[in-house]
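One structure follows; several queries about it will come next.
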Amino acid sequence: MSEIDGPQDVVQADEGAAVVDPRRLHEAARIAEALVFASAGPVPEAYIADRLPAGVDVGHVMRQLKALYAGRGVNLVQVGDHWAFRTAPDLSFVVRSDEGEVRKLSRAALEVLSIIAYHQPVTRAEIEDIRGVQTSKGTLDVLLEAGWVRFRGRRRTPGRPVTFGTTKDFLDHFGLEELRDLPGLEELKGAGLLSGRIPSNFQIPLPLGEDELSEDEDPITQMDLEELGLLTPGGKEDE
Amino acid sequence: MYGTRFNPQKTDASDAAPMEELWQDNRDRALHEEGLVVDIAGFEGPLDLLLHLARTQKVDLSRISVLALVEQYLAFIERARQIRIELAADYLVMAAWLAYLKSRLLIPQQPKDEGPSGEEMAATLAFRLKRLEAMRDAATRLVNRNRLGRDFFARGAPEHIPTERRSAFDASLYDLLSAYASLRQRHAITQVTIEKRNVWSLADAREILHRLMGEVEDWTALDHFLLRYLTEPSERRTAMASAFAATLEMVREGQLELRQDGVFQPIFLRRGAQAQRGGQPDGQGDDDHV
Amino acid sequence: MSEIDGPQDVVQADEGAAVVDPRRLHEAARIAEALVFASAGPVPEAYIADRLPAGVDVGHVMRQLKALYAGRGVNLVQVGDHWAFRTAPDLSFVVRSDEGEVRKLSRAALEVLSIIAYHQPVTRAEIEDIRGVQTSKGTLDVLLEAGWVRFRGRRRTPGRPVTFGTTKDFLDHFGLEELRDLPGLEELKGAGLLSGRIPSNFQIPLPLGEDELSEDEDPITQMDLEELGLLTPGGKEDE
């Protein structure tokens, strides 16, 4: 028995998993491990699945691997529907990266990033409404360039404004498995602060021009975060 | 009541693990009781200022006195005006709205009154402040999470880049859009410079007139003067306008005389008394020999 | 017991190792693991030793870790007196299968692609007019090869020039539901990608959808392609 105290004791048989030859499963785990370990960026689960022996459930394998690495210096983490190995955060005192500093965000950029994360999909006009100020040029640019924010689609309202959302890199960077893990998301939702609905129909005017597009108004399918409840049911987005 | 400094990032969690310097633009958002320093530049718009004022009430945002808040804001704006600080339009618009809100809150609503009641408006304001504050807190919590490249790290020596894409090429939408935008912008700006050359500045016109003056003894039509410069039809209008404006100035200096026999008739000019004496104007005549 | 068949059974107590608190040893192993994982190159054993808790024998820890990873998809290997993680040799086929395939699109290709996206249907001459430079055949070939650009039709003008457009794969790759989701002028400005210093008559076209032919456009036929010599099988790219 190893003094190093291997992680074997935390691994439990996954319920409901198909009964597969253990050697096949072991081989699958080795392949998954190698694929994710060899990559710096998160690896799509579907990509791993394609490379596993037939009949092996990728989700099952990944959950087992995650448990296997849970107490170790390197952890297997989920980033959306991707997987990545990352050093354990509590070891940050000893591990230092040679590559420069983590990107610093201006106060405004950070605020805009949070608003996009919690309210997505969200238009620029809505961001400005929440902040009560025009978004200066370059703020969104910085977030787009960092790869944390992306154009998601268009809102099905007059003018069809473009909506913004966060990316997989955003989740990866902030150590989030999924958007549900955003700190305080539930409380904010519970307090009605993410609904975008203001209790009365009155709005404080913004004196300067907001986004106004006069392009055509074909319906578009909106990517759904509805499941997350980040979208107001019924889609009254125009406050 | 303007006493405290507002440093949202330091209110909580300041004793938690190594706090990063959160903001690059850690501007001093100080408001002093004396009212001598009213630093509007420290605020990001009227809502931010209102939130700051609300925080000084030191109560839960849902229980702030909106009326008191309105008065604080209006007093702040008033003071800023007294010491002649230039206020952005947003602040004034907000002041007007708050003044209206105040009147709504003070005067009981008439039965046939249209629009939201003062209470509804106040609730709206409180909601917006609460939401902004919630987003501020969320931002602080977000940025203080363990972060990739600072607190946890990726494989330092990756052995391959997995890709699901059938495409052998990589590019993001951002790459695409920024390539397009900068390309179009580059060309748009080049075009602007070309157009600029088509416009005669006053200085240009003056310089040309100076150069031509030696050649003119008697009354000559302005058109004739400029003939050689007007090969390009598109330049005609700007050349005439600038040249005429320049002649007026030169007439004032006594270097030219100007005559027009009737409306829409040709404009004639000849050397003025100053020029005949060989006097050069000071000032703008510095680059007349090219 | 894990079905994945954790590596515990291969680890053996190292003979002659000093007796150390197992938790201390476990922590040391975590640190060593994280250090080697995050490093861009093999890590000197002395470097690791410096960062381990006092009294822990680095050689002992590394040998144990090596044993721990021996049967796994990733192995800890010694290179002189340095340590590194490597994909298990028998799995290199999974990792290398598509290595080196992904290339960055060149600046020129990005520009041409974006012009085709926004201005489609667009002819080569028009692309060159917008870019102000000649477009090499190689650039278009790369885009055709990537599967992002296609021949749409032929313009009903003298010479009947071929028009280009984007493909479904283009939309998929860039996460667009439809061409109309491409941000317009106001949105590019709002996102800081276009500065305010643009002439008032500056316009960004609304691209014509994939299946719509414009009025002066004929659908392209197989014959056209052959006649034009544009169907080079295998796509000899000359970039």
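Order as written gives the chain letters A, B and C; numbering starts at 1 within each chain.
Here is the rule we go by: a contact is a pair of C-beta atoms (placed from the backbone, for glycine too) under 8 Å apart; a residue touches a chain by one contact, two chains touch by 3 or more.
Being a predicted model, the structure only gives us computed values, none of them experimental.
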Most widely separated chain from chain B, with each centre as the mean of CA atoms: C
Contact-richer chain pair (by C-beta pairs counted) among B-C and A-B: A-B
Averaging only over C-alpha atoms, locate the centres of chain A and chain C and give their separation in whole Å. 19
With chain centres defined as C-alpha means, what is the inter-centre distance between chain B and chain C in Å? 39
What whole-number Å value describes the gap between the mean CA coordinates of chain A and chain B? 35
Name the residues of chain C that each touch 2 or more other chains. 34, 37-38, 40, 85, 87, 95, 175-176, 183, 191, 193, 195
Expected list for chain B, residues touching two or more other chains, is 153-156, 159-163, 172-173, 177-178
Inside the complex, what are the residues of chain B that reach chain A? 21-26, 44-48, 89-90, 93-94, 97, 115-116, 120-121, 123-125, 127-128, 130-132, 134-139, 141-143, 145-156, 158-164, 172-174, 177-178
Can you list the residues on chain A that touch chain B in the complex? 35, 37-41, 43-44, 46-47, 84-89, 91-92, 95, 97, 99, 102, 104-108, 110-111, 113-115, 117-118, 130-134, 144-145, 147, 150-151, 172-176, 182-184, 188, 191, 193, 198-208
Listed in rising order, chain B residues that touch chain C in their complex are 153-157, 159-163, 165-173, 175-185, 187-192
For the complex, give me every residue of chain A touching chain C. 1-8, 11-14, 17, 20, 22, 25-26, 29-35, 37-38, 51, 61, 64-65, 67-68, 71-74, 85, 87-88, 91, 94-95, 97-98, 124, 135, 137-142, 144, 150-154, 160-162, 211-213, 215-216, 218, 220-221, 223
